[in-house]
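Which chain is which? They are A, B and C, in the order written, and residues in each are numbered from 1.
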Amino acid sequence: MKTLHFGRRSALAAGTALALPAVHSASAQAAPIKVGVLHSLTGTMAISETALRDTVLMMVEQQNAAGGILGRRLEAVVVDPASNWPLFAEKARELLAVAKVDVTFGCWTSVSRKSVLPVFEELNGLLFYPVQYEGEEQSRNVFYTGAAPNQQAIPAVEYLMSADGGGARRIALLGTDYVYPRTTNRILRGFLNSKGINDANIMEEYTPFGHSDWQGIVARVKAFAAQGVKTAIVSTINGDANVPFYRELGNQGIKAEDIPSVAFSVGEEELAGIDTRPLVGHLAAWNYFMSVRSPANTQFVSGWHRFIGNTRRVTNDPMEATLVGFKMWAQAVTAARTTAVDPVREAMYGQKVAAPCGYELEMHRNHHLSKPVMIGEVQADGQFNIVWRTQGPIVAENWSPFIPENANRRR
Amino acid sequence: MAQPSFETLLPRLGESFGATAEAAEAMGAMGDPRALPLLRALNDNRLGRTADGRLVIDGRDALTGEAAPSPAELLRINNRVRVALRGAMGRLAIVSPDAAERAAAAEAVFRTRSAENVPLLEAALAREALPDIRARLELALGASRLISNDPAGQRAGVAALAQAGTADARNLLLEVRASRTELAAEIDQAIAAIDGKLAFRRAAETLFQGLSLGSVLLLAALGLAITFGVMGVINMAHGEMVMLGAYTTFVVQEALRSTGMAAWSLPLSVPAAFVVTAAIGVALERGLIRHLYGRPLETLLLTFGIGMMIQQSVRLVFGAQNREVLSPAWMQGSLLLPGGIAVTQNRLWIIFFALAVLVAVMAAIRFTRFGLQMRAVVQNRRIAATMGIRTGRVDAATFAVGSGIAGIAGVALSQIDNVSPNLGTGYIIDSFMVVVFGGVGSLLGTLVGAMTLGLTNKLLEPYAGAVLAKVAVLVGIMIFIQRRPKGLFALKGRAAE
Amino acid sequence: MRRAILLACICTLAALPLLNMLPTDNPLHVSDFIITIVGKWLCYAILALSIDLAWGYAGILSLGHGAFFALGGYAIGMHLMRLIGPRGVYGHPILPDFMVFLGYTELPWFWWGFQSFPFAMAMALAVPGLLAFVVGYLAFRSRITGVYLSILTQALTYALMLAFFRNDMGFGGNNGFTDFKELLGFSLNTSSARMGLFYASLLALVVALALCANIVGSKLGRVLVAVRDGESRARFLGYDTLQHKLFIFVLSAMLAGLAGALYVPQVGIINPGEFSPGNSIEAVVWVAFGGRGTLVGAILGAFSVNALKTWLTSVAPDLWLFVLGAIFVAVTLLLPRGLIGLLEGRRK
């Protein structure tokens, strides 16, 4: 990261030298600032990503209502990568090379981010990635506004092991078979071992995407829990598979009082598709809940309801992360007095935003935000009751100390 | 420490989670009847506290019942508090005149066992007449005795838990084993006995899981067995029909939400979904598919395009997010069969439902006029036409029935899966495999095929994991089809060509 | 007529990278974006060609050709992963990042040899070919035809997708392979590498087209058409239909594998999503759209559908599925001979 430490003036010079031909100083004053939106609107990921598209559109609208940035209007460029990973790379190139966007907000899955990463690095674009992920990555062209594992998974398991969380000493790790659950569970296993919970007290099971028949696995968890030790479930189950999972949990009578579960991918949006009454007390760990009480959140939620025209729609953590990323970028552009990538990147470091989660979040030089961790219990109305939170924001460890290979990582 | 009084405990409610839990426990131990409504309200998130410290339930003072003048902030609870509340409410409600409440209380006391509960349970047992509740109370008593300091009681506790033979009982015995070395031999014996029962139950439950998966596959495939098996139309939009059925359920539920019919929304969705998807089926068949008879591969492409459009329409109309379809009370939770086998209600209903649909379809084909005509057209279209059967109309009706059944399947799937635009995509390939495996054109084959796949999958799953089990089943079918290209129940004679 | 159009098209395609070298303000300048995207379409065109060869000429509709395409892609992807060497995040000299991460201590046996480009290319052809041979032999021997074969091949690609999604398979699970660095000594993120891959794909397409045209025009091709239109009749006439079908199916699978091998270095990612049954059906739709049973039609279909998709996903991100779906419906109903039928219709 040494190369990033040049001063603002030289960065500006480099920026203008490298800048795309679209940025002519005179005529550009009138030209709008282009904001790329790279979220799947069709296919399997549309279920999660459409709300993020709408969030970016809302932010653009609000920013324009406030007079734009640097006196220029903002214009959103929306494309549909259709939950298809090679298409993500193609659309990223299209946004950067054809539409010549100044910044892009996009991606949900890790594989989509991995797919577009080489394109953003080659064309020196700027991507804001708003979803919690497994870490083990840091690109100078990406700002990660979701949580790294130490900002979500580890505090959640610590809570499960505490007196308030039930004092679990036996953990079932259930996940969808892809890199985020695998990594998170690897980190958690290292963490649990360090806390004296041996491998005999850890169960790990993976299922395919969209898995809908959870009968056998839930029954096995029940058997696993019948060993005389307080047991808890840690779920990294992704997306669509959660509804059938929670239905089975409820119907097989697994109550949060007996076997609590904590999920890292289940938010308000996912709960909107489930009858939550049998699930009261099950947990989720995030950096934001819709039920947070803060002035910024009230503004966010009411703005969202106004924009989407439906007061029953919920907000969730990745939406908040999108909002925080957007605000920081807007501040950085204002500070850098240009939208050119290199100066904006420099200006991003140390940028602070009073976020809806109720804290002031800061962007660090590791391209990750410091974030508070909150644990919420599912309530009958589909919202979360926040039962625990960290004192303040935690700095991201995107390279986890619980993964031994990170010791000989190339820097 | 001085024994706290009911009044001194009140301010502690809502202080911190730990303090609230302790206060609730103490109230339960005290047996003061005033505590029960208070604790219930706390458990249901209805108990609030005003700025001047008064406890309020639904706008009325919790103790005096007067209307509370100032607004109250609801007290928050977490799992720890909920566990304490469950025990306390159980102790307090065990004297309730209501049988269901007593049963729930006995269950709660069992889960939050404590040696102090022994006299309480003994007294309750002496009063209780209903055998079901007596059994629960005895189990709770056994659990509490096991952790008491009375050696005879402990032995009786071990025996009671061994008798119950549940996973919870096993859990408790293991929990106690380490601290009661003198009982180790008896506990081990009890656990061995329980394990025997559990193994039987687990086998029975695996069987049920297999049947359940089989019935889901059967429902999903049944419509296809008609459109593909009987008419030879490869309907790639079949999954979307299933999805439309699930969305119809959602719409019916929303329409009835605030009416007195809300409880009936699921049964009413069945005919509604049938009508909606059958109508769409007729429109598709008459408008598009009939132009392509005899060209199955072209129909495949056509219906693939239609499927894309249906999916995106639903996404635009209802949004890409999951929609919530509620389960009626009779489809929630588990049912305990004799022998302690627990089966989930929703899946049990779906098994019956799938079989009922199958029987209805078979009966319709065998006994009704439409069924007769349909069979005639399948066997020999031209001769059927010469006999005065309007083959076009029969085609439309057949396709309508196939689509309608797909819609009905959607109603059932709304109870176990996501109601999202992607719902159907997950079932289409499995459905085709079931139909081909069972034998195209044979509904009985579809039944046997679906159940075989469901059971094999569930039997393999514990050893191979969910993914490999599915892959193994797919490969198995491919090899099987290679041995018997026409499936399990092949049609014989001319109709097969 | 057809030949003239074809020649013109090939020349235009060959000229694209040259136009890319013009200064950016030249009106004839072709952007990098166009080059990468047309390079991708060239691979799709080879895939479409392979499907058309089996479907259009031998009546074998495989709904699992995406599997052969993906296997070819995985073979070259493994080579590209091996070439990263110690440049990975964890700096392991041999193991790719995902293996280091999942705790592998040594390379699994099926990764051996992939550091060699000729070996990887051979595998990109051999593995799909072998799989097609096994599946084809078993299926054709049991006289599984038509719809049944389609469903069988669909199940094949579905089963492979599920299997490749498993992280324990040793192919990187859902993330597949990404972050490639170089191929044959050229850094993949440069214009020159892209141009090289573009020409390689164009050359492969032309060679494949010539090969297919040769086969189709030969006696073999006429037997295949006979099999397509009346398999029993051809068999009774004494032709070994199993052998003929098997040959064409294996060849078709190898072409698909070649297409996949050229595709992966250009898009920079291969993951199990390529096995998804929807992808295979889409590829069949290209052929149907362009005109089944005409080699040029298949290529035309691949280009036009993908061009449409690229354009629509940008201009109408919410509605493109409608337009594409409607086009599929319209083509199957109104244009049984596809676009090529429409273009040539006037002459008939």
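The rule is short, and it goes like this: a residue touches a chain if its C-beta (ideal position, glycine included) is under 8 Å from a C-beta of that chain, and two chains touch if they have at least 3 such contacts.
It should be emphasised that the depicted structure is a prediction, and the values quoted were computed from it without experimental measurement.
K.L.:
Please flag the chain sitting at the greatest distance from chain A, going by CA centroids.
P.N.:
Farthest chain from chain A, going by C-alpha centroids: C.
K.L.:
Going by C-alpha centres, which chain is most central here?
P.N.:
That would be chain A.
K.L.:
Just give me the whole-number Å value for how far the CA centre of chain A lies from that of chain C.
P.N.:
34
K.L.:
What's the distance between the Cα centroids of chain B and chain C, rounded to whole Å?
P.N.:
43
K.L.:
Report, in whole Å, the distance between the mean C-alpha point of chain A and the mean C-alpha point of chain B.
P.N.:
Roughly 31 Å, centre to centre.
K.L.:
Which chain C residues reach two or more other chains?
P.N.:
162, 165-166, 318, 321
K.L.:
Hey, what residues on chain A touch two or more of the other chains?
P.N.:
Those would be 41-42, 177, 206, 208.
K.L.:
Of all the residues in chain B, which ones touch at least 2 other chains?
P.N.:
Residues 312, 425, 467, 470 of chain B touch two or more partner chains.
K.L.:
State the interface residues of chain B toward chain C in the complex, per the touch definition above.
P.N.:
On the chain B side, the touching residues are 232, 234, 236, 288, 291-292, 296-302, 304-309, 311-313, 316, 425, 429, 432-433, 436, 467-468, 470-471, 474-475, 477-479, 481-483, 485.
K.L.:
Which stretch or stretches of chain A touch chain C in the complex?
P.N.:
21, 41-42, 78-82, 84-87, 89-91, 93-94, 97-99, 109-111, 114-115, 117-119, 121-122, 136-137, 177-179, 182-183, 186, 206, 208-209, 403, 405-406, 408-410
K.L.:
Would you tell me which residues of chain B are touching chain A in their complex?
P.N.:
Result: residues 17-18, 45, 76, 78-80, 82-83, 86, 111, 167-168, 170-177, 198, 202, 205-206, 209, 212-213, 216, 312, 315, 319-324, 326-327, 332-334, 342, 344-347, 415-422, 425-426, 458, 461-462, 465-467, 470 of chain B touch chain A.
K.L.:
Show which residues of chain C lie in contact with chain B when the two form their complex.
P.N.:
Touching chain B: residues 61, 135, 138-139, 141-144, 146-148, 150-152, 154-156, 158-159, 162-163, 165-166, 277-278, 281, 284-285, 288, 318-319, 321-322, 324-329, 331-333, 336 of chain C.
K.L.:
Using the touch rule from the top, collect the residues of chain A that touch chain B in their complex.
P.N.:
41-44, 46-47, 49-51, 163-166, 177, 205-208, 210-213, 215-217, 219-220, 222-223, 225-229, 240, 243-244, 247-248, 250-253, 256-258, 260, 269-270, 272-275, 278, 281, 283, 377, 379-380, 385, 387
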